[in-house]
């Protein structure tokens, strides 16, 4: 258990970080999504953390709802692993970073599959792999599982957002037709795309997202409810692919500098996961050129630095240093 | 401290793994390097581990010397970071996996630099970045530092191997001339190549290599001698790039399935590092199509599985589970 | 005018070539299209030539109908030029060979357009550029124009073939959705694809095809009817792109070895055009790995060699040698 | 024979074109080569044409010497064909346009050779293919042959230019080392590069260059001296590759818009060849972004337009129209 003093110390530090990046955002935030969002929604900024022991921290707008967008790729990939096993899933979608943008139309030619499940092509294959006889069953299955991850039984698809996505959807349809022509996906394309976009259109809060991350950090079991969201043998595969492919074409630099498995979405949301310790959810709509939340990225970097969270950090930099004694034998 | 019982248990398990993969190698080992190596040298197989508390394990041929080859890229990159700082080093060589083979002639066009220091182009730039007014000073500096990493003051460049490398060297010369034409390296090309190949030709044992890895695991301080080999602020950068780029074009799959930062060389050597815990050195000359040691890769996979070493493993799979309580606050 | 003696000599030589390649086909022909074609249709082999003075030669199955498939790309590109002008057409579709297969999903990124109108992506853009308020008007316009090219008022779309094409159409749909997402095409995608596939499904004979080629050779005027099929300022653009991009990924080698502007289709049809002199149509269903008719390619090569038709041939090799004196001033 | 009236008419038209582009150059010419050239040398502008019947036209600075640079690639490729035959030459260097810049380090992977002899990699292979036991013999052979092409027995390598080239030569050395590592070239690399750069450093005048082009137009026989410079069976291969690959990454657009086989060099020189009719040499040092002479390109375009020289032009646009009757049978 985190003791009271520690909990309060962390809370103060997170509030300070939040305050710092709120200001910083004023002139750094360069683009907004969607472009017609009301002015006041553009300045939302929430930061929430959940420890695997259940401790939670919240700074800023942690009750504002936003669609998961590409952050959903993480959890849908987990479902694909569960419903098909690791070997079959790997046969259908790779785990190599591609260095390409999220909507790239290149494939892993040698293995006849999308490069990884964090780019659109791979996420569409993962949606195709979710069990269910039609789009309704698949979306129900996704929703049910996301509710276990978050412990929030009221998660739902925002139908207005889904419809808007379906109207502006040429790239995903194009990817699906190309992939079906290559034998990478099967079945009805409109259903594949609707499954994928439904997951993208599920709305959560930064607090929900931090619990979803903490469930991965906790080996697949929601630390608040004790319910299992994903088989423990699949957790490391999901986290690995966040580490190597999660931050689009800046994945290598992210692994190097921040060193925390993470995934971002065009809502301006980021989930990040420190295995065995906690999950964090950030929400702030301004995006950088890579499509990552400007404030979110800045805050994650500093959080990693301040708390020594880099997974390959020197023990002396890290709170792990205090507890990881004696060092375990292999 | 690892207690006696644990130490002996681990020793027995490592011996069993070593015995299993020695047999397995008979029909799996598909290529040898160099082709004219004596028959008996081809079957060498050593496995050594060093814990950050100084405990060591050795199975098989742990006293046989072999040249580091590409494994040297890890430690020379560390020197480049020390001698130039992280920012300047990143300006000159990236940290993104390229998905290309080790001797690829592609570059990160957008940033005008090699993709990463684990492929030849990037390793040549790293050699160019080591401080020293000429090749002799640079090689002396490398040797001195490698001796601190290993705690072995007798490490030396094998001149016969170096000369053989210099004779069969068109690809590296070509890369250097191209890079100089692009402004990616400066100075005398023969000196850059000789610096790089001298580091590749330093001979070590599997035991030496495990200590070098343990020094990284221990935040840059050799756990046997207490000497610092690399500034602690650079350790995580070195380990990150092993994780994302260390195993050539199979880096993503390695991160996913094995989940331990590692680097291989064409001698059939592999170093792998579990931060805060230990380093391992493996030596077995048969190579797979990616240029990685066949037995070494098989053994690493099983070691990761058996001991739950994947950096993103579920705590219940892992010896960390026993000690990592309570979970630290961020 | 070709005199009687010459005409008969050429007729004999063409018959000999036809006979030679009919035999050669028996073991060379490696694939058939479509796979369910009746056995006897697979051995059709027609060769027809039309001189700009109206002389015609026919060897073999010159009255058998086949769908134009990709050969239609040539004539639809001509319509795009007429309906939009050369500058606007070039803005929308390039003229650079891509070295890629016909169904490639790569684009000319620098100019934000398909590489050229002889690959599917570019042919779809050309179909999109044909004047007409809907698919019916566009297809009527295409048909009307192809009838002028061929002098055959009965040319029609084979609806059975069109429907089969529409059922197996993922790649073209994928290309269109991707291109619309990139702003390369506009409007209804099903209509773009149906326009393109309707042109592909127009059936002709080898004799018709030779007249269509002769119309291009004759500066755009059908040599049998005297009707103009395409503005003379666009003829050279159409022929140039046949020369540099017509034979898929073997275009450079074709320009080098055969040296006659040509275009092939998966029916096993080839049109080739010697500007100012004649057009030829060949039909033989076996395809090589590039998707070109096996017999057709063999016959074209030998025809070029025998008659010295290479556009860059030495005058001494060529029938031009006899007439092209004195050499004109520039 | 060109009659006197025609000859004078053409002379007047060429003078007018020359005058027009001299003025146009003032603000269009954007870069100069070499950068330290004397101010007055930068404005040189010569245009010379030679008909296959020996008629010559000269406008402007037709007696100024300049190094051939990449224009030499055309004639050295001819020598490679002669000394090795077409099949062996094709095995070693392709004929496909690459769409890449002249100094690209990409190769035709499928065939394990440079894409074509008009980019540096391919030109170095061609130099490697010229007969001769060492660099002196090879350069003597090249010089001897270039003298036959031009009919100028005084052509020589400019040693000052050669030495400057050898000092700034990293890219070519890099390409050679890479190609030797891939088995694409053999032997001493310094000799390959010196052979290639010696050919580049041969100095000619615009008048010489027009005769060299006319020799190709005339089937390989110098129209002034009657001497054969290249076997007639190789002429069309040389001209084809000029057409498809001669103008760097703008080759397709050049073939489309200008339609005359041509090759440019960084001196600001261009040779172009209308088979069976004439060769032209242009010299004007300002270069566009593709590395082609600004005035030279403008002038070639207009010359093609004015005189209807496009090889695929409508007969009605062309002086061919006047003489090419009756149309020959194939």
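Read from first to last, the chains carry the letters A, B, C and D; within each, the first residue is number 1.
We adopt the following convention: a contact is a pair of C-beta atoms (placed from the backbone, for glycine too) under 8 Å apart; a residue touches a chain by one contact, two chains touch by 3 or more.
Here's who's who by UniProt: A, B, C, D = Glutaminase.
Remember, it's a predicted structure, so these values are computed and weren't measured experimentally.
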Chain whose Cα centroid lies at the greatest distance from that of chain C (Glutaminase): B
Whole-Å gap between the CA centroids of chain A (Glutaminase) and chain C (Glutaminase): 51
Length of the line joining the C-alpha centres of chain A (Glutaminase) and chain B (Glutaminase), rounded to whole Å: 31
Distance between the centres, which are taken as Cα means, of chain D (Glutaminase) and chain A (Glutaminase), whole angstrom: 57
For chain B (Glutaminase), residues that touch 2 or more chains besides their own: none
Touch relationships between chains, expressed as pairs: A-B, A-C, B-D, C-D
Interfacial residue positions of chain C (Glutaminase) with respect to chain D (Glutaminase) in the complex: 1-2, 6-7, 9-10, 49, 51-53, 55, 94-99, 116, 218-220, 232-233, 235-237, 239-241, 243-245, 249, 251-253, 255-256, 259, 261, 274-278, 303, 307, 309-317, 319-320, 322-324, 326-330
Complex interface listing, chain C (Glutaminase) residues touching chain A (Glutaminase): 105, 170-171, 173-181
